[in-house]
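Once you scroll down, you'll see the structures, which are given as C-alpha cells.
Two complexes, one shared chain (chain A), two partners (chain B, chain C).
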Partner chain A sequence: MTPSVLAGLVGASLVGLGLYGLILHPHPLRKLLAFNLIGNGVFLVFGIVARRGAAAGFRFDPVPQAMVITGIVVAFAASALAVALILRLSAEGNRVTLDPNAWTRPNDGDAK
Partner chain B sequence: MNLLSYLDVVLALLIVGVASTTIAARDLFAAVVGYVAYGLLLAFVWIRLYAPDVALTEAAVGSGVTGVLLITAGKRLGALKNAAPEVQPAFTFKLLTGMLAALVAGALAAAILLLPDPPPSLAPEAAAAADGAGAGLGNPITAVLMSYRSFDTMLEKMVLILAVVGVWSVGADKAWGSAPAELRQPKATAPMIFLAQMLAPVGVLIGIHIFWTGANAPGGAFQGGALLAAMWMVIMMAQLVKMPRVDAQWLRVVLVSGPAVFLIIGLAGEFTAGSFFAYPPSLAKPIILFIEAFMVLSIAAALPMLVAGPPSERSDP
Partner chain C sequence: MAGLETTTPGGYLLVLAILLPLAGIVVSFTPGGRHAERIALYSTPFGFALALAIAFCVGRAGKPIVYTIGGLPPPLGIALRADGISAVMLIAAAVIVTAAAFYARAKFATPDGVRESRGPMTFWIMLQAIWAALAIIFVGGDLFNLYVALELLTFAAVPLVCIDGRPETLAAALRYLLFALFGSISYLLGVALFYGAHGTLDISLLAQRVQATPVVWTAASLMTAGLLAKTALFPVHLWLPPAHANAPAAASAVLSGLVVKGSFFLTLRLWFYVLPALPTDNIAAVLGWLGSAAVIVGSIIALRQARLKLLIAYSTVAQIGYLFLVFPLAAGAQTWSAIGWSAGLMQVLAHAFAKAAMFFSAGLLAEALGHDQIAKLGGAARALPLTFLTIALAGLSLMGLPPSGGFSAKWLMLQASIASGQWLWTIPILAGSLLAAGYVWRILAPALSEGQVSLESLPKRSQELIALALTIIALALGFAPQTFFDFLELGRPVVAGQS
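Take a look at the complex of A and B:
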C-alpha cells in the first residue's frame, strides 16, 4: 500500500469519525470540532489527488495543493465565525446547546 | 516493507486514534487538546505526501490557531462548558449514526481505491505558470497561488475580512467600537511574560523568513502571516500590548491592505499586461512579493481578531 493510498484511507476514516461526532454531540463546540475533522478528511483526499497527479517534473500536482492551503485558511475563518455565534447564543440564552432536551453542567467546580 | 512504510502505518493509526479520542472525550478541554495534537500529526502526513507548504499551513492555522480559538471559546463559555443530553440517545440511534458514518467513510475509501488511472493533472499548467507569468518563482505552490489561481487567493483574503466583519457584528450594540475581551486573565503570569519576551522576536523573524523564502522554497504569505499572528497573540496574552479597539483606523487599514493591494494590482494588469490579474513578465516576481508582503500583514491582523471575537464592553474580563 503506497503512502498516498494510506493517507486517503485516513482521510476517509476522519470523515466518518467527524460525521459521527457531528450528529451525536449536543455541545456546539464539539460539533464544530467534529466538523473540522470532516474538513481535514476532505483535504487529505484532495491531497492524494495532488500526489497522484505528479507530472511535468513535480512529485505532486501544485494546483490541488494550493487549493488545500486556501481551504485550510477559509475553514479557520468559518470556524471563528461559528465560535462567535455560539458564544453569542450562550450569552443571550444562558444555555449553550440548541437541543431542547440537553442540559448544561458546570465543569469540575470552575463554575461562576 | 521498509522502515518508512512502517512509520506511515503507525502515523495513520495514531491519527485515527487521536481523532477518535477528540470525538469520544468527555470534556471539551480534553477534546481540544487532542485536536491540536492530531493537527500536528496530520502535518507529518502532508510532508509524506510531498506537500511541505500544506504541512506548514496545517500546523500553524489548522491545529495551532484553531486550537487557541477553541480553548479561548471554551474558557469564555465558563460554566456552560459541558453539555449532555438529558436522556442518552437510544442505542439504536447511536448504532444507526455509526452505520451511516461507516457507510460514508467506506464509500469514500472505495472511491480512493478506484481513482482513475492515469490520474488527471494540472501540473503542466502550473509549471507553465511558474516559468511564465510568475517568472522566477521556484516554489510552484506560490506560483499557483499568486499567478495561476490568483483570483481565488484574492477572494480568500476577502473571506478572511468578511469573517472578521461577521465576528465583530455579533457583538452587543453598546460594546461597539471598544476592544474585544482580553485573551487571558487580568494579570499575566511571569512565565507567560518571559515566554512572550523570548519567543516573539524569534517568531517574528522566522515568520518573515518563511514569507520571504516562500518564493523559492516551502513557505509563503499564509504560513508567515499565521506565525506573525501567533506571535501577536502571545504578546497579547502576556499583556505586553493591549487588544486594539475594533474602531481603530490603523487596524482596519492593515486588515484590508492585503486584498486591496492585490485587487488594485490585478486591475492594473488589464493595462500593463493585457489581462485581469496578469503581471508584466519582467516584473512578475517583485510584484508578487509586494502583494504578498501586504497579504502577510493582513493575515497577521485578521487571525488574532478572529480568535479575539466581537468587541466586549467588559474592560476587565
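Take a look at the complex of A and C:
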C-alpha cells in the first residue's frame, strides 16, 4: 500500500465519519465538529492531488496546497460563525436545539 | 500559445462590478455608524450602471467578455467571464439589492442620538457582501474561486436571518448554516477531484478536457449534491422556510429572490458549461423529478400554512422546483433546448422579482397589522389596498397567468416539454400552477372578504411603491422580445450534433 493510497483511504474514512456525525447527531456542536472532520478529509484529498504535480518535474504541485490553505481559512471562519450562533443560542435558554418550533410560543403571531 | 485567453474590451468592468460592493464594505467599516447606510445606498446606482454597461458590452461584442486577472491567462491565472446570463443576472441582482436597500431604510436606519447600532450596521454590510458574492458567482470562471464566492454568500446570508437575535431566528440561522456547510464541503470535494483528474479548474478549459470517466461523474455528483443543499431543492429544502420566514422582510426578499439563485446559477454553470459534452440524460431526469416533487410538495405545504411569511417561503420551495426542470428541457442541441433554456432563465428572473415584491408586501402587512396570521386578514385589503394589489399581481406571476414573466416561463416550459416529447413534465408544471393559484387565493380571499382590521400603523407609501415596482418588472418580463432570449444564449456552449 503506497502512502497515497493510505492517505486517500484515511481521507475517505474521515469524510464518511463526518457525514455520519453530521446527519445523526442532534446537537449542533457535534454537527459542527463532524463538519470539521469532513473538511479535514477533503483537505487530505487535496494533499494527494498535490502530489500529482510530481509528474511535471516538480516535487509537488503548489496550486492544490494554496487551495487547502484557502479552504482551511474558510472552514475556520465557518466554524467561528457557527460557534458564535451556538453560544448566542445557549445564552437564550438552557436547551440548544435546531428545532425551529421549540421556541414558538402559543400566541406567536408576529412575523418580524 | 494561440489558444490562451486575453482581456477583451470592457473586461475591466467585471472587476469594477465586484470591487464596488467590496469597497463599500471596507469603507462602511471605517467610519461606521450611519455612514454604512449612506454608502450602501449611494453605491447602488453605480452598481446598476455597471451591470447595464456589462450587458451593453456583451451585447455589442456578441460573445462573452473576459478579464484575465493579473494578465495571466488560465490555466495559470483566473479568468472572469460575463456572458448573456451573467449580464442579465447582474442587472437583476442590482435591481433587487437597490430595492431592498431603499425598502430597508425605514427599519434599519441608525436611531438618532446613537453613533452606531448593531442591527443596522450588520444589515448594510451584509447586504453589500451578498451583492459582492453574487457578482463573483455570476462572472467567476474558476471553480475554486466560485467555491469561495459561494461561502461568502452563505456567510453574508446567515447573519441576515438572525439579525434581530430572537432564539427561533438563531436556530433557523444555525440550521441554514449547517446545511450550507455540508453543501460547500461537498462542492469542495468535487473541486478537488476535478483538479486531480484534469489539472485545471477553469470552466472553459475543463469543458474541453472532461470525458465521461468515473472520477468526473463522482466529482459532478458531489458538486451537484452540495449545490442542491444550498439551493434548497426538495428533499434538502428543510432549512429554507424557517430561515426565510423569520428574517426581516428586506432580508427575506434578497434571500428568496437572489441568494438561492446564486447556487442554482452554479448548477447551471456546472452542467451546461463544464459538462456539456457528457451524456447527461439520466442526471437531467433525476433533477427534473426532484424539481417536480418540489413543485408539488412545496405547494401543498404552502397551502397548509397559517402564517403568511411561511406560506411565501414554502412557495419559494415550490418555485425552485420549476427551475430544475430546465435540466431535462434544455439538454443537448435540439431546437427545443433553446426554448427550455429561455424558460429556465425566465423563471429565475420572474420568481426573483415577484417573490421579492411578495416578501416586501408581507413585511408591510405584518408591520401594519402587528401579525401575519392568514386567518385574521379579514377585510385587510380595504385597509391596505396597494399592498394587496402588489400581492395579487405578484401572485399572478407565481401562478403563471398572462401577462407575466411567470406565464412566459411556464408557457415556454410546456412548449419545450411537448416539442421534446417529454410530455410527462407538463403534469408538474400545470399542477404547480393550479396549486399556486390555491395558495394565492388563500391569502386574497380572506383579505377581500367582509371584516374589520385594526391597523397599528400605516405602511409608508414609498415602501409600498418599491414592492409594486418590482411586481411590475415581473409582469413586464412577460413582454420580453426575442432579442432578450437570444441575448441569454450568448456564450452558451452547445455541443453540435449531439442528440
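We take it that the second predicted complex is superposed on the first by the 94 of 112 C-alpha atoms of A that agree within 3 Å, B and C clash if a C-alpha of one lies under 4 Å from a C-alpha of the other, contacts with A are read in each partner's own complex, and residues count from 1 in each chain.
The rule we apply is simple: a contact is a pair of C-beta atoms (placed from the backbone, for glycine too) under 8 Å apart; a residue touches a chain by one contact, two chains touch by 3 or more.
Given the structure is predicted, the values throughout are model-derived calculations rather than measurements.
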First, second, both or neither for A:V74, with chain B first and chain C second: both
Contacts of A:F58 with chain B and chain C, given as first, second, both or neither: first
Chain A residues touched - chain C or chain B, whichever exceeds: B
A:G8 touches, of chain B and chain C: first, second, both or neither? first
A:K31 touches, of chain B and chain C: first, second, both or neither? second
Contacts of A:V49 with chain B and chain C, given as first, second, both or neither: both
Intersection of chain A interface sets (partners chain B, chain C): 15, 32, 45, 48-49, 52, 63-64, 67, 70, 74-75, 77-78, 81, 85-86, 88, 97, 99, 102-104, 110-112
Of all residues in chain C, those that touch chain A in their complex: 144, 147-148, 151, 154-155, 158-159, 162, 164-168, 170-175, 177-178, 181-182, 184-185, 188-189, 191-193, 195-196, 199, 242, 245-246, 248-249, 307-309, 362-363, 366-367, 370-373, 376
Partner chain A, residues of chain B touching it in the complex: 4-5, 8-9, 12, 15-16, 19-20, 22-23, 27-29, 31-32, 35, 39, 42, 45-46, 48-51, 53-54, 57-58, 61-62, 65-66, 69-70, 73-74, 76-87, 89, 94, 97-98, 100-102, 104-106, 108-109, 112-113, 115, 119-127, 130, 140-141, 143-145, 148-149, 152-153, 156, 159-160, 162-163, 166-167, 170, 220, 222, 299, 302-303, 306-307, 309-310
In the complex, chain A residues that touch chain C: 15, 22, 28, 31-32, 35, 38-39, 42, 45-46, 48-49, 52, 63-64, 67, 70-71, 74-75, 77-78, 81-82, 85-86, 88-89, 92-93, 97-100, 102-104, 109-112
Complex contacts: residues of chain A adjacent to chain B: 1, 3-21, 23-27, 29-30, 32-34, 36-37, 40-41, 43-45, 47-70, 72-81, 83-88, 90, 94-97, 99, 101-107, 110-112
